[in-house]
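Both of the next two complexes hold chain A, though its partner changes from chain B to chain C.
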Partner chain A sequence: MNVIEINQLTKYYGKHRGIENVSFSVEKGEIFGFIGPNGAGKSTTIRALLSLIYPTSGTATIFGKDCIKYGKEIRKDIGYLPSEVFYYENMKVIEVLKYSASFYDDVDMSRIQTLSQTMDLDLNKRIDDLSYGNKKKVGIVQGLLHEPKLIILDEPTGGLDPLMQQKFFDLIRIENEKGATVLFSSHILTEVQKLCRRVAIIKDGSIVKVENLQDMRQHNYKKFTIEFENVVDPAAFGFEGITSLTQEETTLHFLYKGDINKVINRLQGKVLRNMLVEEPTLEEIFMHYYQKEN
Partner chain B sequence: MNIFFKELKANYKSLLIWSCAQVFIIFAGMMKYKGFADSGVDINSLFAGFPKELLVVFGMGSTDISQVAGFYSVFFLYFMLLAAVHAVMFGAVVVSKEERDHSADFLFSRPVKRHEVITPKLLAGVVNILFFNLVTFGASVFFIGLYNNGDGLVDKVAITMVALFVLQLFFLALGAMLGASLKTTKIATSAAAGIILGTFFLSVAVDLNANFDILKYLTPFKYFNAKMLVIDGTLSLNSVGILLVVTFILTTLCYLIFNKRDLST
Partner chain C sequence: MNILKQELKMGRKSLIVWCVSLIGVFLLFMLMYVSISDQLAEFQKVFDSFPVEFRRAFAAENLNLDTVMGFYPFAMTYILLAGAVQAMNLGVSVLSSEVREKTGDFLFVKPVSRFRIVSMKMMAVFVQIVIINAVFFIASRLILEMISTADYDNNLYLLLTGTLFFIQIFFASFGFFISAFLRRIKTVLPISMGVVFLFYIIFLLNETLKDVKLGYISPFDYFALAAISKTMSYDSVYLVVWTFLVFLFVYLTFYLFAKKDLPSI
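Let's turn to the complex of A and B:
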């Protein structure tokens, strides 16, 4: 059963494109990644799901019910962490959380304590006085407080230090194991890879691909930067699997997909000063993977 | 209920400040009456020497301001203006501030319908303007009584306050409609201030020039005549009816427009 089903969803702000014909679905119980660069339309899609904005055309259902028509009913079971967390500045953290809880039936108030302890959040501070990362934590706690069946996270990790990110991921995994479905939006691929099995990739308002991350890893690109002692002939690296080869004096840059040993063999007998093998950025994946294949 | 109480809490300080301002204006206005009365000068003949236009601008066109009721009726224009500004600003801000404060995504992602947010906010507005109205009532009766041998003209002031409340409701609804339909709080409050100023000057223009008489229906400040209210104690039910109908229309528009609104982050 699909918890989220988005069908040809389109949103224009006047003449400005928000999203165009976005379609994908999220299965019950999965952690689904939603990745794309800033401004690609991730937040627009999510905000349309929550009927914070109304789509120009297309439909979306959550729990099998139309998002707009049954918005109130659906939102009872949604926990949402907005990308930009601002709350009532002159309230204390505990007041915001209690205010949030007051909108739901049967909230287990002890969860305020346990969640904020896990996230190391001071309940008695005023929202005003919190750093960006701490405001994110308030967002996380209010999003998970009422034990929602669907958790929608829009760029949740910004401002969190790595330790907190880890704790946050653990929390999400726990909720997921308890049965919650998660839609996780991010522009950082590695972050999504840690949690998600499937991802939808959005670019310029359209879904480029919905893919299993397992498949994606198989034809994953590596980004090579090799600095040689002397200028080398780039033709030596003109073999299958290498793309966007560029040369800067003694340095070669290229993307490679395939058996890593082939590259290592070509390096035999050459004197290197430095070598970097990196995960390509999301942008580079868009450039050299999806655009080529489509 | 949670939204209603949150709005009351968020607004009580500003309500107290507005109320203090109103009490101060009533106090200051009636102090001037004491000054006139004690000086023993025949004010009416004094003002008779002033150009009519000037008197009209200050709302003293044809009123006997040597009597406390007449004097109060002249100043009522300013009490009314302050109440109108308070109500229209409340309406404009209360509807639009979640987007201004970037808390709209939080609030509207709760299991609430749009109208379930607007209704308690407007109810909090009604409580606020009612409080403001009662403060105006209390201060008026107190200060009139001070200069009228203890007779606060309770009956007449009460009727005046009914008229004031109808006006306040109208301005609250106007502000709410502006808040729902305009892009930001800033634009909504600017538009509200513009409308108040515009209609206020229109009411002055109507007083000044009989040719503009037909335009009096366009300005809420001409719907009630302070002299008739305070001196005769009569309330124009036609005006009450028209204003309430317009208030109802504005409120409905506020709901309809806000329901369709794309909330900004």
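Let's turn to the complex of A and C:
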């Protein structure tokens, strides 16, 4: 069963494009990554899911119900952590959390204590005395407090130090094991890599690809670094399957997808100093998706 | 109810400041009356010697210093102006603050409908206006009792003081509408001051022009204190217009806000 189903979702702000024909679905119980550079449309998609904005066309359903029509009902089971968190400045942390809890039925209030202990958050501080990272922690506790069935994270790790990021990821994993579905938007691939099995890649408002991370990394691409004795003509490697080809003096860098023997054949008769064949990082594959579009 | 409670809690300090200021301004005017009361006849002459346009522009055309109720509208004029600014501030900021303070991403992802959020916030403004009016009624009554040497017309007192409530409700609802209509409001006070004084200038202009149509534009005309003092009642046509406009603004606020995109941070 799909928890999120987005179908041809389009949003224009006047003439300005937000997203165009975005379609993908998130299965129940998975941690789904949503990656793309800033301004690609990640937040627009998420804000439409939460009915903070109204789509120009297309539909999105959560738990099988239309996002706009049944927004109020659906939001009972959603926990949302925005990229930048802002709360009522004159309130104390505990007051914000209690106010947040007051919107939901049957909230286990002891979770305030346990979650804030895990995230090392002082409940008695005023919001305007908190640093950016600490505000983020309030956001995390606030988003997870009511044990949501769907957790939507929009660039959640900004401002958190690596230790806190780790604790945060652990929390997300625990919620996920308890059955929560997670939509994780980010432009940092390594963190998506840590958590997600599947990702949707968005660029300039459109989904470029929805892919299995394992497939993406292991079965498709190899990253070649070849250092030759002399300067070679990179045109010799301009065949199909080769992308992101760059040359630095006598060294060639490229990504390759396809039959490995083709590359080996091209190397015949050439004198090499060194050669590296690696798994590309997601970052590099990612860049490749963007370049291909251009 | 949690939203209502939250709004009232957040507006508490500002409400207290406004209450104190209104009473302070009122007290100042009434003390002025006391200090000139032994030379009233001379002051009356001075006022009467001003050209009528000038007196109208100060909303003091029919200033009658013989009784405290003759002076009362003069003080009330400034209370109405301040009250209008306060109510408009409340109206404009109650919805727009979620966008300005960027807390919209907190409130609007909660399982509540926009209709409920808007109605609870309107309710909070209404409660605050009721409170400020109740406080002002009590305070003005006490001050009048203290300074007036003779009896005054109680009906007229109630009618004149009641205009504050009607003016405030009008400007609050107009504020709601503006905040739903504009995409993003950076600062509230210039808008409130601008709108209130614009309407007040139209009112003053019409005091001189006496144009019936122009009278419908400014709410200050609906509850013109001089007219109320003369007729001892509110104008029923203006009351109908007032009711219609308040309902229209509230309706449009719900309508526009239901479809509004919340700008991202």
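Keep this in mind: the second predicted complex is superposed on the first by the 219 of 294 C-alpha atoms of A that agree within 3 Å, B and C clash if a C-alpha of one lies under 4 Å from a C-alpha of the other, contacts with A are read in each partner's own complex, and residues count from 1 in each chain.
Here, contacts are C-beta pairs under 8 Å (C-beta built on N, C-alpha and C of every residue); 3 or more make two chains touch, one makes a residue touch a chain.
The shown structure was predicted, so the numbers you read here are calculated from the model rather than taken from an experiment.
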item: Simultaneous placement of chain C and chain B on chain A, clash or fit; value: clash
item: First (chain B), second (chain C), both or neither touched by A:Phe103; value: both
item: Touching partner for A:Val210 - first (chain B), second (chain C), both, neither; value: neither
item: Contacts of A:Lys76 with chain B and chain C, given as first, second, both or neither; value: both
item: Touched partner set for A:Ile188, first chain B, second chain C, both or neither; value: neither
item: Which superposed partner A:Ile68 touches (first chain B, second chain C, both, neither); value: neither
item: Touched partner set for A:Arg47, first chain B, second chain C, both or neither; value: both
item: Residues of chain A contacting chain B in one complex and chain C in the other; value: 13, 43, 47, 50-54, 71-76, 78, 80, 82-84, 86-89, 99-100, 102-104, 142
item: Contacting residues of chain A [partner chain B, same complex]; value: 13, 43, 47, 50-54, 71-76, 78, 80, 82-84, 86-89, 99-100, 102-104, 142
item: Chain C - residues contacting chain A, complex; value: 2, 6, 10, 101-106, 108-113, 259, 261-262, 264-265
item: Touching residues (chain side chain A, partner chain C) in the complex; value: 13, 43-44, 47, 50-54, 71-76, 78, 80, 82-90, 99-100, 102-104, 142
item: Of chain B, residues touching chain A in the complex; value: 2, 6, 101-106, 108-113, 116, 260, 262-263, 265
